[in-house]
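Shared between the two complexes below is subunit A, which has subunit B as its partner in the first and subunit C in the second.
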Partner chain A sequence: MIELMIDLMPIWLSLKLAFSTTLLLLLIGLPMAYLLSKWQSLGKTLVESLITLPIILPSTVMGFYLLLAFSPESWLGNLLQTVGISLPFSFAGMLIASLIYNLPFMVQPIQRGFEEIPKQYWQIAYTLGKSKTETLFRVVLPNMKRALLTGVILTFAHTIGEFGIILMIGGNIPGVTKVASLAIYSDLEAMNYQAAHTYSLILLITSVLIIFLLNLINQLKVQHAVR
Partner chain B sequence: MHHKLGFTNRASLIIRGFLKEHNSRPKGTCDQPNVIKSNDKIPRLGLFLFLRLFLASMGSRHSPFMFFKSAAASLRGHDVIRCLLITVWLVMVIMVVGCSSSSSNRKLIVATAASSQFYAMELSEAFTAKYEIAVDVVVSSSGRITTQLLNGAPFDVFLSADSSYTNILFAQEITAAPPEVFGTGIPVIWAMRKGVAGDSLISLLSDETIRHIAIANPKNAPYGKKALQFLEAGQLAETLSEKLVYGESLAQVNEYVLQQNAEIGFSSKSSMLAGALLNHGTYLELGSDYAVPHSVAIIANEKDDELKKQFLSFMSSEEGVVFLEKYGFTK
Partner chain C sequence: MLFVELYKQIQTADRAEQLLVEAHVPAEGITAVYGRSGIGKSTFFNCLAGLLEPDQGKVKFGDDIWYDSTENVSLAVQQRNIGYIFQSNNLFPHLTVSENVRFALKKSDQSTDVSELLRQVELADMANRYPHQLSGGEQQKVAIARMLAQKSRLVLMDEPFSALDHVMRKKLFDLIKRFQQQYQLTILIATHDLQDIRALADHVLWIKEDRKGVMRDKEAFFKLVE
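Right, the complex of A and B next:
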């Protein structure tokens, strides 16, 4: 029997973070992408640029600024403190950081997806007596599955691999914020190469498996549609 | 046949087909007969079960979540997988909400600079074994730990390799008492090359077969700072400056030297005595002029101060000092 010399908690935390980030970001990103695709003005360009911002800043720097924003010294942190929420060094703080950091990875592909759906799809569905919601869920979204999937996979994979921002805002606390990427780094720093290899391997296999499954589902659906 | 149709017509056909296939409640102009394929039944059962579960979890069938209800009803999917995925998502979210960390009062979080990590790990294990108080060790750089502490990190004890950081924390009233030096670390110069005596390592620095000299970043790593001072004292800093490669931490420097990407490097005695590097290569201790004092500080927070003091007194107890010696620190 192979004995695992490592604690599996970081892997679980990583998966938990990636799943919750992806789900929440899908819920946030979908309406955002929709509005952006409909909007035609200077404001749109500005918002689009703002959404891209998290990619520009190095993630450790981004983490530092979020840490400043969440700290009890700042007005935001102070406000949260009075409601009894403390974000730094907690899973919730890490989740919020991850949501901000992954925003472009979710919104941009979906926005392109919306933009690529011809206006006629909407119009025809309307002439057939369908409401806006129904058209969205049954005509538009099914026709942009690939864009949705791209957003989901990018966000998921990116969250799993996230490092700098999580290290800064999470504080690498075992069992709370020590996700797999941090565990690998810590083991490298401690020269526990064997443990680092094991973590990396498990992380790679699980992530590839999940992404493969997502792609597989997509493939099956495409075949289904062709038939 | 398809390509003869205009785009709008084609889109219309696609959408018509789609609606026909998926709509069991025709309304408006869409007066097509219901076509329900037999293989649609199983997924519908899945969706139905999922919806029932979802609504039941909301407490009432007539819950205010009408939006979700109508959205889910309009999905009318043809796959169990989708339902499964949504269920997994929901479970995950519930867990996120449910698993909010509960930090026990009988637990210490010790943040340590990377250069004292091996010492801190073993010390903490011994402490836990003796007092049955769990200790989590968080390893980072002294600078990063300080930034995090300034922003409310929940660490209880801080082992710093740079007393300027603990002094800042004391000035900001984040530590409960002035920092104390608990041990002195010794910088070393080391190489993996075979057949080299420790004493000849310094002369090896200027050897032309040496192409890279690894050193921790002097800006944020105290052992790097001392290494640079050592080179400057020997009038070597300028002549060797092109050979210097900078690691972000001692671990990175050790990695460079261990894999022989850098032929020689400056590190700490403590890491030479750690499991992964023990009996690897040759090292030479730099003189006491270059010693690095490590200090410890108790962080003021809502947790029990007695527990933190207990940890500190264990550090200086006979049992604790053993680990200090084991990892090459002098008291």
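Right, the complex of A and C next:
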């Protein structure tokens, strides 16, 4: 029997981080993906490589460099400190790290979505008198719902499961940066196996649900097939 | 009358070539734009529509100047009100047939009877279907209905029959001829098929191998090509 009496704050923090990351990355990733889909030069390959970096780089490496960048000894950390902002071991710092770390999971599927939209959709909408913005919202985005959903779900799921970079930037402070994945680590170290088990089960169920949802979206009958 | 005099550089696999089209296209009737695939028919259409900027020249439709490189005039594609029908991907997949047609209506002109337009293209009973539920020919008919809803005077059709069978081609030919006369449209159809020209066109704009396009009388054109 699993002990369900656990501190719910880490779950809440995980969800808060996942929702904030997903929402902000959607706003940042959408224009980024659009520009990358239109851009044709060597610079594009460089930017794409930089965006992909978090997928192959150990999260601790990125966490280490971000920690250096946020520290008061760096010019960035120093600048932030003069305006009263300290990012290491704060939720804001953890969020920024999460945004950088999850960038490829949001940008890549949406970029592919833009690239799959036939050029004629844009051209037809223009000849019918619609502006670029109107075409984007009335024609292009509705026809890449699957790409958008894939980006959103992958980002959300990946944020829920983050560990290394969160531990390094957040510091596992209860009530501030101690998210569910860190709570499991802490409870294991303290030999509090029941709590670790409960957190793990919640994350497991959440992950299975998310993967199931993702597969469901991919297998949905392609009603609006993009030919 | 559509007056065209335009130059546009085309990048081929191994070099850059110059497309040059000089033509006075009659205001009424169907003009076939003939030339082999890749010669520059689509580039020419895109320049007319305002989707591409010519390098130099002048485009005038009626009294309206759409493009004039010497006067630095270049009207935006949205302001030219051109009906443009491609070979495929003409309809937006997330909209039903009637929604696709309604998409062309201007904010000031919501009173147009979309059902009547669909009836005219013999698709009244398919208003609520999605494009993927239609055949290729039916999709082209919806694009024609949308062009009518748009109330454009100049219509560009870029190889619109390439993917269609003989029976559907014949039906579309009849529709296009009927609408051209009924709505007094100027229609340009890009094709590399002489049968299409014989069945449909009143005039021919021939883009030859040197990428120079000139108007030809239909009879004179057939004498030259045959």
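Going forward, the second predicted complex is superposed on the first by the 199 of 227 C-alpha atoms of A that agree within 3 Å, B and C clash if a C-alpha of one lies under 4 Å from a C-alpha of the other, contacts with A are read in each partner's own complex, and residues count from 1 in each chain.
One rule holds for everything that comes next: contacts are C-beta pairs under 8 Å (C-beta built on N, C-alpha and C of every residue); 3 or more make two chains touch, one makes a residue touch a chain.
Bear in mind the structure is a predicted one, so any value in this text is a computation, not a measurement.
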Which of subunit B and subunit C A:118 touches, first, second, both or neither: both
Which partner reaches more residues of subunit A (counting touched residues only), subunit B or subunit C: B
First (subunit B), second (subunit C), both or neither touched by A:139: both
Which of subunit B and subunit C A:127 touches, first, second, both or neither: both
Partner chain in contact with A:191 - subunit B first, subunit C second, else both or neither: first
Touching partner for A:171 - first (subunit B), second (subunit C), both, neither: first
Subunit C-contacting residues of subunit A that also contact subunit B: 118, 120-121, 124-125, 127-130, 138-139, 142, 224
Complex contacts: residues of subunit A adjacent to subunit C: 118, 120-121, 123-131, 138-139, 142-143, 223-227
Subunit A-facing residues of subunit C, complex: 46, 49-51, 77-84, 86, 88-90, 92-94, 103-104, 106, 130, 132, 146, 150
Subunit A - residues contacting subunit B, complex: 16, 19-20, 23-24, 64, 67-68, 70-73, 86, 88-92, 95, 118, 120-121, 124-125, 127-130, 133-134, 137-139, 142, 167-168, 171-176, 186, 188-193, 217, 221, 224
Complex contact set, residues of subunit B against subunit A: 7-8, 11-12, 15-16, 18-19, 22-23, 27-30, 70-71, 74-76, 78-79, 81, 88-89, 92-93, 95-96, 99-101, 103, 109, 114, 117-118, 121, 136-140, 144, 147-148, 150-155, 249, 251, 254-255, 271, 274-277
